[in-house]
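The data blocks that follow each hold one structure.
Two complexes come next, and they have one chain in common, subunit A, joined by subunit B in the first and subunit C in the second.
Showing the complex of A and B:
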């Protein structure tokens, strides 16, 4: 029999604080940064100075998740990042262009590779185990989760896998999103995102890490039931695709108690979510989160984090609610995300 | 011993040829593809590279792309290599056919070309804004071959392609996919050439893998892909070889350098043997990572010594043919390993004259005919990433 996979540790660094979830921070910019924890609690000051925000957020967030489960050395470190170490990439690229390829310092090049975050976490822990980084746009964290699930299912040995997603802002490259219609053309208030009927979205950064294990414990947040990634889905087929996924996981749509949607206020692509809201999941609580933390490639980490908290506490924060439906019980949550109509992902969780 | 995962197609483009047959002919005749940059617009024209002598324009034409396409060079190379693999395998493409590609810098060639335009707010080439992200390049290839299901990208620097092959094999074994195309692509860019140059690990001569006097690597470009299929999907289709084992570990020593004792490399090879359920004595040949940097070749040699003791199998690095093609390297060398298995030939480690004083190890330096059942292929990268793959003949 297929062993069960549990989420035993979670952590989040985002543009919102985890303490004041009913009273979210309002931003009036289409690009807003994540709130930094006190990195010194997690990283030695000497090392800290050289690190970009992605590395700092990644190491800190991974340590919170590891500490929560008292895991010293995980059996695997699997990272997702859509855009990698963008700050160092940008720095090296600018120097290269400005200095006409002469007298370049290697520091930012060394830290620019997409696997720097996963590598630095391994280095920091002294962890020689399996280590992979996925970089598939908005399915980066999901690819990492799928690999983590495989890691746990392909052996009978009890394992704990550290899996997470990180993306950072950078001064120029993030701004380029304004040029190709990824961002809204004028600054909006993030909390008004659902009122918008315009193209583009708002963006931010963050890090979310999780400990997945085949062992349930007192701290377990949720059971990780399954995940699916599909690169493209025809708009009219979204309900059918979700049903295929649910069937594979032996559950029907009526048994889903809440759906966590990646709606981002982009009126060119939010129809994927609206189709589900008006059809398959019409009568159940529909939740959104990108008005709080923006949209970026690994933002679904915030969705997974929130779903874990909802399942453990049995309570849905009102700030996430997109409709007035209340759940009879909170046993199964489905998370659905896509970006620009591509890299669709579904994650199914259930209460433990 | 397990049965492994069947490989039913392969395709490749590199500095030594734009398909499997031409790559084989170059390997067999010891013809290196190292030259000086002609298409890469760099000021470092003195640095030897493994450049593919086709412009983006002619690559796009051979793929019949429209004028306003948004394929990065890595996507162009990748699409050509994938097409060859698909032609060979005639694999069915449907919802249960996946695509996993390794790339280190993806489409940063486009980003470095248009970066200044974009910072000035010019939108003429805005279709390349997302090109910097590895997934962009992968999606272009997926679109080209009509894959809409599971598509993902691995970016673990120079072990990306090998990790993509490993992940594909695992997904087939776990029943998550019936068919999957796996491999890697990376093109020459100013970003990587200058990056490695700033680290002072590029040689101004043809690289000398495993030689006492090695002084750095030659950067290369290329793409290679394999088609993997679950056994129940084969229906008597010819099988080129099987992926028997894989191991992925982290050296956890330094962001860019390998540990002197090659612990990560040793552990990766050991794990691959364990998954393949064979002993180290079964390995007939090792396609080594062998980049020709001081650090890698010593570290890898030490790891070989620890694992194999006094009986190190025949080994060679093919980097002097192609240059170090970064994320594509593991995929290129998977194709070379499969050619070796099919031809029962080992291809030489070019330019070698003197063993390293520390190890005394001597690679194979001429084409060698030999019975080959199991081949180990190594790929190591920045971030401590180490991956080893084991390929076997189908009937082995």
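Showing the complex of A and C:
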């Protein structure tokens, strides 16, 4: 029999504080940074000095999630990152030009690879267990979650898996999104994201880590029921695809109590979400989050983090609500995300 | 003597900048303090940075990696080696 998988620890570093969720911070920029915790609480100064923000956020976030479950060494570390360590990549490339390809600083080269974050988490913890990084655009965290689920389901040896997603802003590479028309052409207020009827979105950075385990405990947030990733779906088929996923997980749409959508205000692609809002999930609470934390490759970590908190507390923060429906109960939440009409992902959680 | 003192001060500033030794000032590093291990606590990545620094700033190319252990022992040993071998 397939064992159940639980989410026992969660953590979030984003452009919003976790304390003031009903009074979100307003930004009037289309690119805004994550709020940094005091990294010195998590990382020794000699190690901290050469780390880029992605590494600092990744280690700090993973340590918070581990602390929640009193786990010192996880049985696996699985990281998702869409664009990896962009700051060190830029530093290395700039160095390459300035130094005419000679006498390059090794640090930025060593730390420019995508798997630096997972590697540095392992070094910090002294963890020599399974360590893999997935980089699959906006399905990177989902790919890591899928692996985490398989790690737990395929072997009874692994008890706790640390899984998370990290992406950072950088001065130039992030601007490529603007050049490609992925960001709004004029600065908007993030909290007005859905009032804008225009192409593009807003972007930011963050880190979200989770402890998945086959053992339930008093701190368990939710049961991780299933995940699905599809590279492409026709807009008119999104309702049918969701139903197929729900059927596979032995639940029907009527039993979903809230749907957490990745709507990002891009009028070229938000119809995927609208198709669900107007059809399959028209009578249940519809929630959104990208007006708070922007859109980036692993931002669905914020959705998973928020869904875990909702299921544990039994309360939906009003700042997430896209409609006025109130749930009869809060037992099952579906998370749906896509970016530029690609990398569609579904995550199903249930209350424990 | 003054030349050597200036070189030692210059080295401390370069090391702090190149190795991102935040919250550290040149006066915090003693000339005879070990740079690696129990002293300043530098590691193998720092050693690579110091090899690049020697070549970039003083035109010294280290051909024998075993040499680096002795040369990078302290600010004193680095300054003496640079003074004896610099090409720029």
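Here, the second predicted complex is superposed on the first by the 351 of 352 C-alpha atoms of A that agree within 3 Å, B and C clash if a C-alpha of one lies under 4 Å from a C-alpha of the other, contacts with A are read in each partner's own complex, and residues count from 1 in each chain.
Definition applied: a contact is a pair of C-beta atoms (placed from the backbone, for glycine too) under 8 Å apart; a residue touches a chain by one contact, two chains touch by 3 or more.
Please read all numbers here as calculations on a predicted model, not as lab measurements.
Of the two partner chains placed around the shared chain by superposition, subunit B is the only one that A:118 touches, whereas subunit C remains out of contact. By the touch criterion defined above, A:84 reaches subunit B but does not reach subunit C.
Once the two complexes are overlaid on the shared chain, A:252 sits clear of subunit B and of subunit C alike. When the two complexes are overlaid on their common chain A, residue A:143 makes contact with subunit B while staying clear of subunit C.
Here subunit B and subunit C are compared by how many residues of subunit A each touches, and B touches more. After overlaying the two complexes on the shared chain, residue contacts for A:198 are found with neither subunit B nor subunit C.
Looking at the shared chain after the overlay, A:105 reaches both subunit B and subunit C. When the shared chain is aligned, subunit B comes close enough to touch A:229, but subunit C does not.
Within subunit A, the residues touching subunit B in one complex and subunit C in the other are 104-106, 110.
Those residues of subunit A that touch subunit C in the complex are listed here as 45-46, 48-50, 99, 103-107, 110.
For subunit B in complex with subunit A, the touching residues are 42-44, 95, 99, 104, 106, 108, 111-112, 115-116, 118-119, 121-123, 126-127, 129-130, 132-136, 138-139, 142, 147-157, 163, 167, 170-171, 173-174, 176, 190-191, 194-195, 197-199, 248-256, 263-264, 267, 381-385. Of all residues in subunit A, those touching subunit B in their complex are 77, 82-84, 86, 89, 92-94, 96-97, 100-102, 104-106, 109-116, 118-120, 122-123, 125-137, 139-140, 143, 146-147, 150, 153-154, 172-173, 176-177, 179-180, 182, 229-233, 297, 342-343.
By the touch criterion stated above, subunit C contacts subunit A in their complex at residues 18-23, 41, 43, 45, 48-49, 52, 55-56.
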